[in-house]
Amino acid sequence: MEKKIGAYLCKGCGIGEALDFKALEGVVTKEFKKPVKSHECLCGEAGLAVIKADMEAGEVTLPVIGACSPRVMTDRFMFPGMTPIRANLREQVIWSHPAGDEDTQMLGEDVLRMFMTQATKVNSPVPYTEGEFSTTILVVGGGFAGLTAAREAVKAGHDVLLVEKKATLGGHAASWSAIVPSKPPYHDPETNPLPKLIEEVKASSAIRLVTGATVTKTSGMPGKFQVELSDGSSHTVGAIVLATGFRPYDATKLSHLGYGASPDVVTNVEMEAKLSAGKVHTHAGAAPKSVAFIQCAGSRDPNHLPYCSSVCCSVSLKQAIQLTKADPDVMVYVIYEEMRTPGVTEEFYRAAQEAGVIFMKGKASKVEGRHGITVTVADELLQQDVPLGPLDMVVLATGMVPNSTDPDAPAQEYGAELLNADINPYPTEGDYKPAASAPPGGSLLNLQYRQGPHLPMLADGFSDSHYICFPYETRRTGIYACGPVRRPMDMGEAHEDAMGAVLKAIQVIRNAAEGMAVHPRAGDLSYPKINLNACTKCRRCTVECPFGAIDEDEKDYPVVNPTRCRRCGTCMGACPVRTISFDNYTVEMLSSMVKAVNIPDEFDEKPRILIIACENDAYPALDMAGIAGHQYSSFVRILPVRCLGSMSALLISDALSVGYDGVVLMGCKPGDDYQCHFVKGSAMAKERLSKISDTLKSMQLEVERVTMVDASIADSARLPKVIDELVAKIDAVGPNPFKGF
Amino acid sequence: MNAISPNPSRAYDLNFARYVYENIDGGERLRMCMQCGACSGSCPIGQQMDHGPRKLFMMIRAGMKEAVLTSNTIWNCVSCYNCVVRCPRKVPITYILHDLANLAVREGFDAAKKADNARFAKAFMWSARKYGRTDERLVTGIYYFSFGLLEGMKRGMGNQKIALNMIKTKRMHLGMPHAIKAKDELQNILAKAQEIQDRHGKGA
Amino acid sequence: MSRTLTYYPGCSSQASAVHLDKSLRAILPPLGVQLRDIDDWNCCGASVGHIEAGHLANSALSARNLANAKAAGPEDVVTPCAACYLNTHYVNESIRGSETLKGDLNEALGVVGKSYDGSLHVRHICELLVTDIGMDAVKAQVKKPLTGLKVAGYVGCQTVRPFANTERANKFDSYDDPTFLDDFTQACGAEALPFKMRTHCCGGSVSVMSPDKGLHLIKELLEEAQKLGADVISTPCPLCQTNVEMYQPEINKRFGTGFNIPVVFYSQLMAVAFGLDPVKDAGLDQNIIKSDKLLGR
Amino acid sequence: MSDKPKSQTVLVVGGGIGGISAALEAAECGAEVVLIEKAPTLGGRVAALNRYFPKMCHPTCGLEINYQRIKKNPRIKVFTMAEVSGISGSKGDYTVTVTTTPRHVTPACTACGDCAKVAASEVADPFNYGLAKMKAAYLPHAMAFPMRYVVDPSVVGTPEGQAIKAACKVEAINLDEKPESFALQVGAVIWATGWKPYDPKNLTMYRHGEIADVITNVEMERLASHDGPTKGHILKPSSGEAPKKVALIQCAGSRDLNHLAYCSRICCLASMKHAAYVREQYPEAEVDIYYIDIRAHDKLEAFYQKAKADPGIRWIKSKPSRIEKGASGEPVVCGENTLSREVYANAYDLVVLATGMQASAQPPAGAQLDDYGFVVSEEGVFGAGVATGPLDVSMSVQSATAAALRAVQAVRS
């Protein structure tokens, strides 16, 4: 169908009073030779009717709406099968600049030029829907989280391939005597749900169970992952849930707490085995009459695990309660630094106190003796060192180490190196010292990805995106971690987490089959297309993609896996030869929009500064500056981008070569606490910017002309000031000598 | 000395704590204490307490029986119940302190004999037992002279003005103490209660 | 409409708080309450009896009172004294809550042929005024409003606090910021000052036996009342009234202050406002520090 | 499956981060979703937060993404100023009665703001927890979704109301609007009714409301927010001066059998965040954190360690017993330091009570509640987010995603 562009300008909300509409209309009719209609209130029924009538008559297929921000009235300006182009004349023109002013008028006209230009350059995206899509979910790990995921996926109508490394199902929790309560009244240990869960999974015809096997190869993409197992079988699955769980911290490293010196110093896992066996006894075979639990045995310790393992407090409470229930005379002590029973688990703490368990705040400084053990406690509440003993048993509440790698498999050098290069999102100040390198062991999934075989993990070794608002954000689309491999968690939370991961797996399967992106650009049908004729095989796109969506073929050409793609455009921004593009988003389009602006000559003393703004944070912040009535220089022209990572450095040189006096990049904070929802888009932009000085020098331009500003969505009051300061600074450098070329 | 409660043999021997849980009025909730300090911080004369209720309760767990029963904390309680209403674990602290004081009296700790509160309580109960009612004049007098003749006279003189004011306003009764009619009856009841108490080996 | 309630005056009614007893007996009949004293009532043990006698023997004191009260009728037992209320209510509720205690106490009562089943209701007179009588009824009795009188309402500890957060509570006001006393003051036509130390402790019996430990507490109370320009301090508690009043000369001596603030019972204020005799009915001559304003001088 | 449920629509009650997440996750799995919210805008409690721990990023950033997802998803219908007044039926076939409160502004509103310009009277601003007032014709805040004004019922029937109506060029003011009820047929219900801050009035010993410089943690968020009453400057409410000494009191209501028996989970971390706000704005300021146990679960321990490394933050293991009013009206925090046995009375410029989370709405019959008022999921009716217990944002979204799966399962079989 032939594209027919028509512009519709709104005079409502004060736009009509603030801007010269004749001149605006002239931009459309004279410069773009397109029809234009102005209306008093375009979003009202009458206004919409005007647009709809033209569309129904076939006179216009792509409306350009010059009115309010594209962030509002989205539903009203939504027409069947297409999204119109929106030129923001309200929030970013008349609400943030003086009415009836010459510069405001120039800004309004330029905004219209930019978005009329965009209209001429966009095409409706054609989604990727080639081939067969599988709806099977692969669950890796047959512990509590994995089994839950398998059962719940079946309940939602999906087939499951469940792979467990061990010969039996259930993982650590299979043999637990009881579990920490997660149901009201949260007061008593609950029955271990695992035996029943195992039966349910075994009985399900929709679950294909493979035990004693690992994943040797994973390739493909959501909807069409190709998975090979160590038993030689191969499978096609739509999505993957990684539930490989945890392993207890190696207690042999805790000799300072007496482990190894006495057979009666045991870990909480060993205690659990004794409780499951039905009778707790010391090495000598007697029922213990005095037992001390030492909390944080290895956790919250810079020499061992820097993090809190979350569950140890409540596990000790449970075991202590079980011991007192078995023998009311037994003296049970819990030596703790902070009692961590968040949420409703507080009731379980009270239950343990009710049972007579004694809580001592302090650190165990010494553990001595083989039989009749004495623990020296630096008792903070009594303010003295207390020799606690002789004790019949000491239980070390050891923490959780995530199975984000397979400790039994050899490490792949390539993978480890890539893992270490990953972003460390956690602070390194204070006593918290995250691991310096990737945890030992091989990959769990053996991803055949350009960016390595591992699911990325954080510096503390857990697989996570560490997003707050989007805990299932993943850097490997279609692969969702859940359970303690993601974060130390108890079974109650692991159950919820497994359900969450299954939902995301189902979602990705569904969306992949329709060629739609998943979060955050959910529903986006576009995806990167690479013209290999122009490709220089520089590999920047394959390296920089935050989601590992692009691989390399045997000739080193990039291969896009469309359903892995999250449509941020970082690849497009990375490509030095502009050969990566989306149907509706290209470097050429952005460049044309930049160039569409009228650049006054140097004698007009009207500098032009291009702001390239992240559309999720900086752009809304500028909208809200308008809503709040904050004013800023009319010399800026704002170009929204999907992510600053999609900004090609070439765009900057394009802008400078047509006479812009400066360029300001506004993106989310990169680094440890990165706030970019495409993980490292803004970080990539920063890196590209650092290399642009050579370009500037070659153009004989001052480096001050190009600046990057960390902008958050809450910066609506700050950004106007920042803009004015930068405009003044760039103005002081003087006009761009390229003006008028 | 008359050991009613068990003597712990080592740090955190729980025999004394368990005695307190089971035998002290309100003691069953003592195990719920989470050592937040709200009680000691809310006490109007907390600064004058050697340990304060919070630490005293930890000492009970630690088996520091003698230190607990000789602590001034149990004698300094002003019975304002501030701690009781603040306690996030609903430990009836005031009741526990009173009953611990009684335990200290019964176990015959020297500190319990010397404490102001114990002397006052003795004088008070003497009046209550003897007459069925307390006569403030007699109670104060006996209390003062419990410190010895000289000290008693000194205290009496020191409070002469107050006493005079009370007499002037007819708020201190000068004749025979007010008494109930059925003194024997009350004494029999109290004797029986005392007997039951001793039978239980505890205050409750 | 008149009703009869069982009354437990307590030992202080015959000594330090005789003016509380006197004024209550004057104001309650006009408010429709007749008092019938517990027959041959005895001491409750106050806050120290427990220490000497032990829990059970101390409880036996109240058990006898309750047994005598029940023998006279099923009416609620009311008491004006914080300590009497505390002990009697506590023992009553403990009997309801513990079969063991009920058994032990009845065993003790049994030696003199008495018994008690825990069926009575023990209440503080202030609660009665707030809940049953209400301020409208009080206002209706006011003949001589105490206009212009500035009153610092000092509630003290034991009237509102002991059972505040338990199921035993007679919840008639907040244990931190009770307003009933201000309501009483205002009902009498006087001005209730924003006396924020209304529930600060006076030291109770510790101030009586060891003034060194408690006098600073009373001093702080008086300071605040003086700062607010109080004409009188009003209180419901016998021990508070005595402590805060009788120690003023001693405090002045020790701290170099110049306090001379009358401390009266709310019931004395009501008696005057009801137009009753300031001396004969309100017992204002029995306050050590006289309130000229109330005595009409 | 042979017996398809009668309705395949999922109803999500509550438009905070939990409800938004549940609605989106279910809709992006293909479910038809109705999202209803009591307030005039989505966003709930998180929209009023300045930043999230531990990243110190802004909650509106994630909300913006979610609002974009909603705007672009035709399967989600949003009703604001609407509440559930009744539910009947069973899994797969519920009839839900929804009652709306008049907004007095129709969807024709362009958010131009002309109505607010003529509104003269001021009403309490719930978004700022009453710390500020707003015009009787108002946009709840700059990130409001839907971006539509509200006219306060107090001006209905007044000349001011008429002036407001007259000011609207697009005739979007309807002062005659009345509460309405309508019925929805749905197959599953997700309660995401969130939380409310525990009322500090119950904490009589801390004298919030009486001592001006005693505020709550949610109020602190508003003081620190750029769009808050002080434009992001943390100032003493009494005088508008910068505080030099600040106390943060943990467990103000939580872990207390007299108030909230449970631990509210987030307060410790939120207070560390508040300490960071203060230290960032006033590098010379001192911050004291009073606590019983510091609960920085899992990797949030890193956030704790970072705060611990700040020499300007002092940690006092103590549950303060009370706050007194000092000689100049300043708050004096009193209690016992349990590690030193010192009975202290420390004066501050500003005291922040870390009040906990209380379940915010009692769902009508059909949802099972625990003793604390939190929703226990069962067939067809599920809880999500803080409606199910005290959770942080990440766990709320985790819970909401799980609830979305439950709903998706319920409407397919």
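Residue numbering begins at 1 within each chain, and the chains themselves are lettered A, B, C and D in the order written.
As a convention for this text, contacts are C-beta pairs under 8 Å (C-beta built on N, C-alpha and C of every residue); 3 or more make two chains touch, one makes a residue touch a chain.
Since we're looking at a predicted model, the values are computed, not measured.
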Any chain in contact with chain A as well as chain C: B, D
Chain pair with more C-beta contacts, B-C versus A-B: B-C
Innermost chain by mean C-alpha position: D
Between chain A and chain B, centroid-to-centroid distance (C-alpha), Å: 63
Separation of chain B from chain C, taking each centre as the mean of its C-alpha atoms, in whole Å: 22
Separation of mean Cα positions, chain D and chain C [Å, integer]: 45
Centre-of-Cα separation between chain D and chain B, whole angstrom: 49
Contacts with 2+ other chains: residues of chain D: 205, 255, 257-258, 317, 338, 341
Residue numbers of chain A (touch at least two other chains): 339, 381
Shared interface positions of chain B, touching two or more other chains: 34-35, 55, 82, 85, 89-90
Chains that touch, pairwise: A-B, A-D, B-C, B-D, C-D
Of all residues in chain B, those that touch chain C in their complex: 25, 44-45, 48, 76-82, 84-85, 90, 94, 98-99, 101-102, 105-106, 116-122, 124-125, 127-128, 132-137, 140, 143, 161-162, 165-166, 168-173, 178, 180-182, 185-186, 188-194, 196-197, 200, 203-204
Complex contacts: residues of chain C adjacent to chain D: 165, 174-177, 196
Residue ranges of chain D in contact with chain C within the complex: 204-205, 257-258, 325
Residue numbers on chain B that touch chain A, as the complex places them: 10-14, 17-18, 21, 31-35, 55, 58-59, 61-62, 89
Chain B contact footprint on chain D (complex, rising order): 205, 251, 255-259, 292, 317-322, 334-338, 341, 343-344
